[in-house]
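Every chain is named by a letter (A, B, C, D and E) in the order it is written, and numbering of its residues begins at 1.
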């Protein structure tokens, strides 16, 4: 397939995508980089000019910064752990013979289709609200005092909401992977004397490794940018308990309209995301080969 | 130790009777081959013995003990699957050692057993590779290795060679035969390749639509097929089966004569050569004989016969006679 | 035909206006109005980005008292001095008008105005044997809260905003701090969170909320408290005057048991109430200023009030903008009318605090940095309410972060 | 594996799986139920599950307030438009990477994916300014462009994994048969990859439909999709649970139904080639 | 018309020289088979001819015209792929008609051609089916049909039968031979199955590591292999190759004798039977002869020899002699 003409054609056909993505990446990034060294506040057109690293030092030195990084990581890792562990369990369950498998799959996949702001609104108002929410009603019914999810465990609550949205994704990928495991391999293990738990541990789990990798990769990309759910539910609080890096940038960009600092934040986020990506893709790229 | 007895074993999937009822006795140390056309129930029968399927009725006993309800792991049998079913994420060593690990065997002891199996199977140099890095024949051997280490009462093979190419198949076939000679363990082997069946088996079980057509030694089946099905199925190229007046001459509904039992030169049948293939060692020709039909003939490599030649043929070996029910006549 | 794009928040009065557009079209068939209705935060983001980058996508903006002085000073808004005579600019409430005037030019026309006041349950007060004065002190409030609280019966003595945000808990707390003599900045723009006045403010707030407030208050904003009050779970609620029509409205289970009082004070000369007006303004970049002015005149004119009254009744008229409305005897008959106008009149955006300050704004500081600052400080205080920090820690953190920001922004030399 | 499963066992599985499924679906179900409640019953304590006074009033109110279909059509146009445009750009690219792979193909894919890691908030102002300059603010075209670029890496990746499963021999056969590159892609590759293209299409319609940062910040009214519709229903003056639920239901239902019907294709696509 | 000439054709993938330089002349109407072990470059050579790969150097001319730089579509050749490479979304008719459509042929004319091809290949009843609904043999025929309609200068086949099962393979092999006899078009056919090579070819090209080892007719190669590689590769079971003193006796470094050219009974070599396989029609035995090595023998089905027997063997046919370079000696 690799004649010179086909290689030339390939380059030609690849170029629109590559060029568009390059523009999409470089132009805003370059502008962001430029802005990040400027004094630039939308609300102060008269204040402008080169600002050295002041925006960066301000952004990084802000007390919320370290906790934002920590919260971002906790959010990403938390959601990943929940979706993968529950995803595997649910996939194992759905993979069993049962009545109404199609309907079960449809119900299970549904949260994936919900707009993030709607999901956040639903959870915040109708479930987690400590006076009117269903959780509160449930605890009252059980004679417990209602738990203030968003006040007492803001990050965990957000993780719960986001995990709910992404669980179907993980479940379905893992389910498909499970179904692709050859039954002969499981039977061989059975003949070899492995009981169910060990078959899961030694045969199924390694088989799922590749799919887990994809789940981690795709989810990480989407989760690193999450802030809409935070905006709707906790506004990053109480304190900075649920402030993540994107939320911090949001605050600079759309509350302070401090474009310079927001740009600096954006650059910092890009750098951090790429560090994460570098290690993730290293590990994952290997797993995706072959 | 590895005697297996099937008594009135029946298996149906839903409505379909796949095995209508089989009685079979496999002796300790025997090499038994199940042959039959695709879909005849060979795999099903083997999986019933393995315990991977439940019998619908009937009993299976192993070494005299009823094993019908035992789970696969408890039957003391080892199985080699058609796809090998190696664990792709484990090294060869781990693959072979897996049953021992599951049995909770002491690692040092397991190690010696693995090494011994590996040296028997010429795998010592590959112990650290993953299955993906092995050739078809090597994978096959790993699968056998995984079966050997457990020192099972019997080995079950389900078309273990069908994924290999022709040359490798010959080699592996011989390796398995040699293994049987050295281990002397009972082996039950499923194939639809009759060369494999003929060369490896002590005893062949010919299956057709879930029923046993004939049980016997390879040469038994070759020389005395009990019915038309076995006659047609065993032997390559296929036996020429001739019905009509020519058969009536011999007082039968159908007569059969093997291609290698026909000589070219003189004889009662005259015909025109259709296809003629010369392999150097052998020649295969198809001759269209008026009133008899197409006759396949296998001759020596030097047979100087070509497409379009008009030649005469003579039967020069055993002639098999079958009655109207397709059963062999004395 | 001219089409103008009008950006509004999605509150009841604005929605009602959209239902009355037939009247406008009848009078001005050559103008078509395109509505962009959004939740307050999204609206503010969109509108600010647009106006600051000169995007020119809107012809009429709904903005608050916070934006008007800032944007007016930037020259982003068109002056409304030349509205027709029937607009009757002198009829506007002086406090409101003052907040919307920059350098002598009216920059936005108020659509409705509000202050804050105490709403309380008359039945619970009666049961407790107390009466609420028309102008209570914080001590009165605390006593009443203590008396009304019955946590087992899910009745909480007082409901206040706790959700972090400059327009949420900080609106309340800044207004409250005024009555404690606190201020955001001294005249040199030095933050004052280390002052005893702020300490007293926060202590009182936290004490009220932890002892008599509902659970999970750190996420309660206007909406949450409104629902709680309507369900009969709050003894008192100090919040926007517009809430009065809701707590006495059809959705309320306690409609006939609500009394009103001025926001509390501490005898220092300032009350803890705020002043806010949602107003209509025209971006200087709009190319359809005439049509926009025609629309604004229609929407904020006295005639509009009459129109609403005729169609939906006096109770639904947008309140808090015009003296004439409160002079109207039909309107004055509404229970909360007087308390609303008194509240509005008792706030002065130009002199909001006991001590002098360099800024304008009662419950906010009219500088661009305030949205960010207010939200950050609000997060600290809401953390204190959630029990994750002590009052002192929250105040110290607030002081530090505000000092940083103000230094960076160049206010503090 | 083909062993008989007892009915009891199957019943237990069924019960467990349905419990999990209903639990996951419950928030959506509850929202839909709430949308049919009168406002007062929506916040009733204890909650009312089915025995409330069913009403369509919330839907009527919501539609009276906002012209739902305008937002709906914008959502459809933007989601479908960006996905189709993305496919048109991505199909040749995926062809190249799948059938003429180079040493850098894997890296290129990863790089494409990494362009998605840029935090949108961080580049809002630059993009906004660019859009303003180009006159793309509040235009469907503008949003189609942004969402195309946003989802392009995912589209390319998904198509790539599908194309890789198509044996190169078939394309070579077409070439031997005299097909030009264009005919090869048009007549052979594309029809063969229809299932893959369909699931790519579906997934990206869903992603585009639910995108709620750019759609909120780059539109005013002409191009405003359903995310903007929803943004006008969380009111500052009262939690209208029932109305909010009605609006939410209207915003999510089209895509939910689409998702249900195309569930099979979607699942295949979602695996990103992780499962062979 | 379909004469193909390769002149010093070289192909390397990166560093690796897969085809170090090949000269080959394929005459019009000839049936040429490329055989050789896996990975020897058969497919690569075929793809170079087809134009699916660029040559690294050298020229390929078709019918006397230099075609080295022509794209595949312009060379007037048709190819049948190992996987058939049918277009799964098109009906059989559309599949066969696709090259004509690409050539912009008038639909009516195309229709006649499709019908003609279909009737030649017995596909008339299946024209509306999709490839997924066809059996392996039928798919194979559609692939050939797609090649035929274009009336190409030559057909190229890359292991077209390797995906079929043994029985079908025999049938299809014969069909292709018959097709060649009727069309008389040049055919270049790649296989690693030497039975196919022997039975189908006019001329066999034996490849090894990208180099041509020998070109000749099937029986030429069988009877007079030019070197050890060809001797070992052609013929099944493999020729016995014996080195050492036994070869020296015949003045050669290595001698070769085919298993079918050894008789059991009396003779110079004495040994112990290792493996013995009895197929009914033939017997294959391995005999360990001291000082000579393992000798494979193919005898008649009735050969009564078993594992462990001590027997004597005699060469009874042509003895091939090879020198130290492995080249055949006169």
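Everything below uses one rule, namely that a residue touches a chain if its C-beta (ideal position, glycine included) is under 8 Å from a C-beta of that chain, and two chains touch if they have at least 3 such contacts.
If you want to know which protein each chain is, UniProt gives these names: A = Sugar ABC transporter permease; B, E = ABC transporter ATP-binding protein; D = Carbohydrate ABC transporter permease.
Keep in mind that this is a model prediction, so the values were computed, not measured.
Taken together, chain C and chain D share the touching chains A. Hopping across touching chains, the smallest step count from chain A to chain D is 1.
Taking the definition of touch as given, a chain qualifies here only if it contacts chain A and chain C alike; those chains are D. Its C-alpha atoms fitted onto chain E, chain B is found rotated by 175°, rounded in steps of 5.
Counting C-beta pairs in contact across A-B and across A-E shows that the higher total falls to A-B. Centre-to-centre, using mean CA coordinates, chain B is 28 Å away from chain E.
Remark: chain B and chain C have CA centroids separated by 89 Å (rounded to whole angstrom).
One simple way to say how far apart two chains are is to compare their mean CA positions; for chain D and chain E this gives 52 Å. Each chain gets one centre point, the mean of its Cα atoms, and the points for chain C and chain E are 90 Å apart. Counting partners per residue, chain E has 52, 71 as the residues that reach two or more other chains. Contact of a single residue of chain A with at least two other chains is seen at positions 1-2, 42, 132, 187, 254.
Of all residues in chain C, those that touch two or more other chains are 45, 49, 53, 224, 227, 231. Within the complex formed with chain A, the chain B residues making contact are 50, 52, 71-73, 77-79, 81-83, 85-90, 98-99, 102-103, 132, 146, 150.
Chain E meets chain A in the complex at residues 51-54, 71.
Per the touch definition, chain E reaches chain B in the complex via residues 38, 166, 174, 177, 192-193, 195, 198-199, 218-219, 222-223, 234-236, 258, 260, 275, 277-282, 284, 298, 301, 307.
On the side of chain A, the complex with chain B involves touching residues 182, 184-185, 187-195, 198, 202-203, 206-207, 209, 290.
On chain D, the positions that touch chain A within their shared complex are 1-2, 5, 9-10, 13-14, 16-18, 20-22, 24-25, 27-28, 30-31, 34, 43, 45-47, 89-90, 92-93, 95-97, 99-100, 106, 108, 110, 112-127, 129-130, 149, 152-153, 156, 168, 171-172, 181, 206, 209-210, 212-213, 226-227, 230-231, 234, 239, 241, 244-245, 248, 251-252, 255-256, 258-260, 263, 266-268, 270-276.
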